[in-house]
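Here's the structure, in structure tokens; my notes come after.
Labels run A, B, C, D and E following the written order; every chain starts at residue 1.
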Amino acid sequence: MVTAEWYMTLAAVLFVIGAGGLLLRSNALVMFMSVELMLNAVNLTFIAAARAHGDIGGQMAVLFVLVVAAAEVAVGLAIIVSVFRTRQTASVDDLSELTG
Amino acid sequence: MVELVVFILMGAVSVGGAVAVVRARNPVYGAMGLMATLFALAVFYVVHLAHFVAAVQVIVYAGAVITLFLFVIMFVGVDRAEQMTEKLSVQRPVALVVLVAVVILAGVLVVTDRFDWVLTSGGDPPVVNGTVEEIGANLILDDRAAEPSASRWLLPFEATSLLLVVAAVGAISLAFYRPRRREDRNDASASGSDSSGRPS
Amino acid sequence: MTGVSYLAIAPEILLLVGAVSVLMVDVFAQPKPRVHGWLAGATFLAVAVAIGAQWHRIGIDGVGTSFGGTLFLHNLSVTARSILLVIAVLGVATAWDMLVGLGRRMAEGLSLVMVSTAGFMLMGASADLIMVFVALEIGSISLYVLAGIVRNSPTGDEAAMKYFLLGAFASAIFVYGAALTYAGTGLTNLVEAGAAMSSYHVARPAVLLIGMSLLVVGIAFKVTAAPFHAWAPDVYQGAPAGVVGFMAAAAKVGGFAALINILIIGFDRYRGAWADGLALIAAISVVLGTLLAIQQSDARRLLAYSGVAHAGFILTGLTAGLVGTASVLFYLATYSVMLVGAFAAVAVVSGPASSGSSLDEYRGLGRRSPLVAGVLAILMIAMSGMPLTTGFIGKFQVFTSAWDGGFRWLVIVGLLSSVAAFFFYLRLVVLMYFRPPDQSQGHPSTSLRMRLVLLLSAAVTVVFGVFPAPLLGWLDQAGG
Amino acid sequence: MVDYLWIVIALPLGMAVFNHFFGSRIGEPRAAGPAILAVLGAFGYAAVASLDFFASEHASEEAVTVVHLFDWIPGLGAGAELLWDPLSATMTLVVTGVGALIHIYAVGYMHGDPRFSRFFTYLNLFIASMLILVLANNFALLFVGWELVGLCSYLLISFWYTKPSAASAGKKAFVVNRIGDFGFMVALMVVFTSFGTLSYTQVLHEPGEIIGASTATAIGLLLLVGAVGKSAQIPLYVWLPDAMEGPTPVSALIHAATMVTAGVYMVARTGAIYGLSDIAGGVVATVGAVTALFAATIAIGQRDIKRVLAYSTISQLGYMFMAVGIAGYVAGLFHLVTHAVFKALLFLGAGSVIHAMDGEQDMNKMGGLRAKMPITHLTMVVATLSIAGIPPLAGFWSKDEILAVLFAKGGYFIALWAVGLVTALLTAFYMARQYFLVFSGAPRWKDGVQPHESPRIMTGPLVVLGVLTVLVGFVNTPFRLGFEHFLAPAFEGVYLAHAPDDGFLLVALAVVSVAAGVVGIAIAYLLYNRAPEETRRRLLGRVSRPFTAWEHGYRVDELYGRLIVRPGLRMAVWNAEAVDNRTIDRLVVGIGRAVWWMGRRLRPLQSGFVRSYGALLAVGTVIVVAWIVVRGL
Amino acid sequence: MTGFSTLSALILVPAVAAVVVMLIPERRRELVRPLGVILSLLPLPLAVLLFMRFERGEAGFQFVERVVWIEQLGVTWHLGVDGISLLLVVLTTVLVPVALGASMHIDRRVRLFVAMNLLLEAGLIGVFLSLDLFLFFVFFEVILIPMAFIIGIWGSENRIYAAIKFFLYTAFGSALMLAGIIALALLHRDQTGDMSFSYLAMLDLDLTTGVQRWLFGAFALAFAIKVPIFPLHTWLPDAHVEAPTAGSVLLAGVLLKLGTYGLLRFNLPLFPEATLEFVPLMAALAVVGVIYGAVVAIVQPDLKKLVAYSSVSHLGFIVLGTFALTSQSLEGGVVQMINHGLTTGALFLLVGIIYERRHTKLIADFGGLASSTPIFAGMFLFIAFASIGLPGLNGFVGEFLILMGSYPTLPVYTVVAALGVILAAVYLLWAYERVFTGPITNPANRQVSDLTMGEVLLFVPLVALIVLLGVYPKVALDVIGPSTDAVLSRIESTTDYVSPVAGFDMFNSGDGE
């Protein structure tokens, strides 16, 4: 029997992979996608926990995470585009003037 | 049994997709990997009877968000293989250390039997079917009970309106771009004070 | 409990209405900036009335929740709202020149400030982790945009990008914490989860502890506690000067209010664990913030790092748990005012839309602009924790709380760091008063509005520093 | 009468204050007037007040009066209290009497000095201070006088402060005295600890009931340290020769007649304590003996007319110490009185000579002054003979009594007697040498010097002192111990050593000591008057080694410089540089630097790369999670 | 709180005066200096009134005022004066006008200068009068700011370094004291149920020796830095050298007393058992300070530094007296605080005056000044002798009481400390010799003008007090004695310490009787 715990463990793995992507890639878009990956891992956790508890709340929570993710995407991509307009780059490694 | 097969299969897909996001040299492939993961998760949602969520997942995420990503990838012009050499020397070691630490922490917790994902015990939980109806009832007003009451999700739902206002306004104000007009006075003054205001 | 209390979200609704009206009026009438000012003023006035009504209600009915238990109407939330309102008013006043400079996009900028305020207000009032998350995102996303709202600024977009990417990361961590909490208990509501945690015996609470830690980390990021602070100096430096004070203060108030709700109401069962965790973060923040602030040659980065240290001080007070909340709120309220005032001074010195504010610009400011220098000096002295300012009362209280809570080592660390911190606070004072100005440096002009903001922040800092009793009395009730 | 004893002090003190503020306005000769009158007034008052002692023959209780003026430091039992007994009366009379004469003399000597009135201010202040010293009824007040006379000594030695040597000598005097004061203070600490008060009334009344011999020894030895400083005994005598930089009246008053005898007075005053400890007394006597001989030898080698007298003073003080050390207080005080008279006379005479020689002090540049200054010459002869111990002059009586008491004490003290005898011979020699070098022989004056007799105002006091030198010895001859009877009430209950009762022995001893004096004078006569220049040079060349050593005062100053002053300065510099600047302060600054450095090291955390911020965030998260889980489980 | 509250007025009058001065309009700037001096004189009659009406022979606090200040924290505006603080308050009110009067040459930002001095005065008086630990700390800390400003703005070349060093060093000390105060307040709450910072309430606390030890350390560190006790003294020379005259005068005259005052007021009565344990350490440091300060002072090339190190030496005496724990030594310690304030304040005044005229403080640049400036030289010598401890002047009374009083309990330390008496003469007289005597070698010294009438006037109160306290110290001792005895009897009643009753034979204790 595949229990909810299996899914949650899988979600944890996905979360860690997402975090790894954030650390290892310098392309702002890829980093952003990694964040989406992490949010999806969260969603999977919610869904699996909802089943384990027999509670609809987890599914509801997922909806809100989705909305937030969407809003983030809108603004995030706008920022990326805005940066690209002025600097012609999508690599965050080129954004390091502010330091110290 | 079926669920096990699905879990293994879709689990592999989701992890593979995730790895692709992290590892693909071309962001387009990364986006594809993300999409694969999203789909695999949608399958899991179905398995968990979260039908509505699964549908939203496919439509909003895979449909809209990934498309948007791809669009921006194309727009920004990074739809090609990029250099994967690491400019920051400590970045990978640190990531490795973090990973190892997480694994050790998890390992210690599991091996010493200190970890349970779910803490409530006591029999099988009721089966929850995440239909549109159920979701809707929970989202706004649960009138199925004797005494209709405001749902606990009503407020977050309302609050998303604020969120969407922010997203819309934010995206507009960032993307609003009329470089020819001298309207943005700050731009001039900002570049004027540029020389003195440089970070050291 | 289950009813819909519109009063409980009236301030947020009013702010939303205000923000939308600003946008709408802008679209349809394209009015002069002054009109937006009136709109914003009217909105804030209405919010103030609403908050007053909330106080009144609490006085009559006591504290409670509404919207199915997702929204608190308790002293803490209303206190946080009050503080945020003050910050917003001062913030808009400070940012006004910057906003006007945005031209057509002024309406967006103004409405973002208002919505952000609403978001953080909501954050402090949320009784549900998902609600906290949504509110946090409302506030934060507005701030991401505000950071990069000035176009062609050499650093604004960098600041926005950094803030956004790291903020998204931290949000993901936070919501994962919520998910783990949910996994453990099946609940996201703080009151219920708290009750559940303490009602039955849990043999292996690791998942809750991890979830709790992640929640703490997520909020620690927002309040610029080390080592989750790294974005703050860059963003404070790169973002337009006018709005930084608001950014810094609002996020702190919302974040700490939410943290108090989460930890004290939700995770009271694990008080020992989170107190230890907060102590660790507090110690790192205080030490790291101080050490790095000493190194700065830019006023805004300096303030950012000092903010890191202040976050550490606030966390120090929070380690004491419930008894520490009054001290935390006092600190928050007074520090926010100082912060907004200080950044207003920065905006005066280096321009409302500028990025960066080299310390050299402050040479001899005491001669060139006695008012700005005087206020900034008072604020620096207050931030450093000298007596007869709110800064001292605040620090004194958080230290008392922490000492009482058993974290004596933390108090010692905090006190020693305060001494080291004198160095950089004094450095600004030294520059302004002890050094003559350069020939080339002119007299920065101050509008009446700015002067009011500066004087008000200094007055609050000194008056409540000398007579803190009324404010303390008011905040003591907010501890509930 | 006695109740208003404070007038004795107030008169000179008030005049000092008056002259300080108004003296320069009053002008040169007139400013001296009130000063002299004040001292004379004090003398008169004291003389009248002391008449009581003669009236009340043996009622010792009545003879000792304590005058309470006001509370000073109540916690130490130290009131502003004056003690009027024969001892203090004697001292008061000496101080004011000799002081008055010297005041008068100074009017002539200081003539034309731009700070004429200031000089009298200081002199008056000195008189007042010295009177506080001798009249004090507790150790604290004694110490007040003790220090104030030191101050006056400082001010007066460096009166001509533009001369670096004068300024330096004044400082030296004060500092060396302070070393003595250190011992004095420690002595007072022990006294206070033991008695709980510093008042004579309690401390000196049957001290044996409270303290034992060892404490008495400790107190005695520590007091001796103080006395050694003030009275210029070995090893702290070095300031006195340098003190000759001061104007000559100062040397006469302070550094011969009065201040330097304070140590003797103090030992006599605390006789009750010394009486409890043979060791302390023995040490006092030994120090005195060694000093007496030591200084006498140095005096032989001096060329400076005043330095001869300075070493002579040290030597004579050594005599007094010998006496008081063996509880021969009367003998010691008697010598104190006679010495005050004839040494003042010697100094004033020397001053008169210096005055005549336009400030020249080198005896080798004098000679043949006998005819030029008859009065000075005559008085100097009297004084020289007196100090040489030629009867019936004052010096003979007092010196002889000291030697007799020493001899009578027997045992170890016979050795001291021998030392005293040798010293007497040496004294006669160097004094005669001085006389011959100055007054007889051919003039060796520098060009342009026209010696002349000093004005009346200077010779007058010389004559008075000369007469006194002749007469004063008769107050205490073996035939009539008037002084001893006079003093008796002051030493009620204190052991007193006496001269032998045996009349033959007394005479024999006197003959021996007179013989020593005569021999000394004879040698000097032969060497410095009879012998031709070459012979003398040849003879002295034979003993050039010791003579050079004497001439340079055994190079004690150099020795102190090398052993104490220079290492001390080096240590001070080392402390200031190596310890203070380079260690302590560097440590302090180093802490600040370390904080700065740590910040500098931490700066790379803020690399500017958002991904490294992310990494920091991730690391922090893991740490916080691990920490909370560990603490929570 | 009926009637006129003198103590509050003493604090508030200068504080308000500071504000008044700041409000003088720019065009009437010539008013600032005279008005400043007049305003600074206002507290003086109050202090004198206080002194007159002070009940002699009374050990406790008088003129007590108590108003709730911060109710929630249990903080009260609690003022009171006893024999220990009374004279220090008077001293402060005397020295501030003198310091301001000596600052007539200040021509930059006069308003700020005067205001800072007045604020400093308010703070200093507040420290001495506070009976609430919180209030005490507030004043203790607040005075750092005006002092740092005075050094930092109107000081000489290296002023910023000195100002920051002064500020950070002393702030470091008080930081740990704050922890101690918090701990005490919480202990009070634990033992009695309500939060209080009242000094008098703290006296009733029941503290274990272990707790006392820590608290003693926390308080003592703060005060030791302020004193400063060797080896925490290195801020002092820098601060003095750079500070303007007024700053030096007040720094040496009053500010340093906060340390010794604090030790006597707080450490001894609050932590008696720990005090007894710490006596050897504190006494040793005090004695080392006495000797070390004096030795280092000897070779200082800079007059101000010399006086600064002499302060280290003198304050060592006070600390020694404080920890010798006898009636006389404690009394002497307080007297010496006043004395040091007067004499060292005056010395700094003198150095400042000569610095104004010659723009140098280096001893080597002077020589023979007594010829060109006889009044100045005389004044210097007078003050120097007061500082050396010449009997008849004030310095002696305190020093003598300390030495006599300390010997019974700390014989060895005291004897070593007495050596400092010799060294004091060495460094001051040698300095005098090099500066004032001898021929004038540097022509610049020939033109130096002597003290003006106004300057002499500044010294009049100081000289008068120096003589008064030297000749008739009873005016001070009567006030001080009961209070210091109360401190002593508190230690005796809470521990098994018995202060030596004078009159025992310490060398042969057996055979005396």
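Please note the rule applied: contacts are C-beta pairs under 8 Å (C-beta built on N, C-alpha and C of every residue); 3 or more make two chains touch, one makes a residue touch a chain.
All figures in this text were calculated on a predicted structure; none of them were measured in a lab.
Chains making contact with chain D as well as with chain E: C.
Every chain gets a centre from its CA atoms, and the centre nearest the mean of all protein CA atoms is that of E. Taking A-B and B-D together, the chain pair joined by more C-beta contacts is A-B.
Centre-to-centre spacing of chain A and chain D amounts to 96 Å, using the average Cα coordinate of each chain. As a whole-number value, the distance joining the C-alpha centres of chain B and chain C reads 27 Å. Chain centres here are Cα averages; for chain B and chain E they lie 67 Å apart.
Distance between chain A and chain E, defined via averaged C-alpha coordinates, is recorded as 64 Å. Across the assembly, chain D contributes 592, 603, 606-612, 614-615, 618-619, 625, 629, 633 as residues in contact with two or more other chains.
Of all residues in chain B, those touching 2 or more other chains are 87-88, 91, 94-95, 98, 102, 109, 114, 117-118, 120, 152-153, 156, 160, 163, 166-167, 170, 174, 177, 199-200, listed in ascending order. Touching of two or more other chains is recorded for residues 168 of chain E.
Chain pairs recorded as touching, per the definition above, are A-B, A-C, A-D, B-C, B-D, C-D, C-E, D-E. Note for the complex: chain A touches chain B at residues 1-2, 4-10, 12-14, 16-21, 23-27, 29-30, 32-34, 36-37, 40, 43-44, 47-57, 59-60, 62-64, 66-75, 77-82, 84-85, 90-91, 93, 97-100.
Those residues of chain B lying in contact with chain D across their complex are 87-88, 90-91, 94-95, 97-98, 101-102, 105, 109, 114.
Across the interface of their complex, chain C is touched by residues 8, 11, 15, 18-19, 22, 28, 31-32, 35, 38-39, 41-42, 45-46, 48-50, 52-53, 55, 57-58, 60-61, 64-65, 67-68, 71-72, 75-76, 78-80, 82-83, 86-87, 92, 95-100 of chain A. Against chain A, the residues of chain D that register as touching in their complex are 603, 606-611, 614-615, 618. Contact residues on chain C toward chain B in their complex (touch as defined above): 2-4, 9, 12, 16, 19-20, 23, 66-71, 98, 100-105, 108-109, 111-112, 115-116, 118-119, 122, 128, 130-131, 134-135, 137-138, 141-142, 144-145, 148-156, 160, 183-186, 189, 196, 202-208, 237, 240, 297-298, 301, 350-358, 361.
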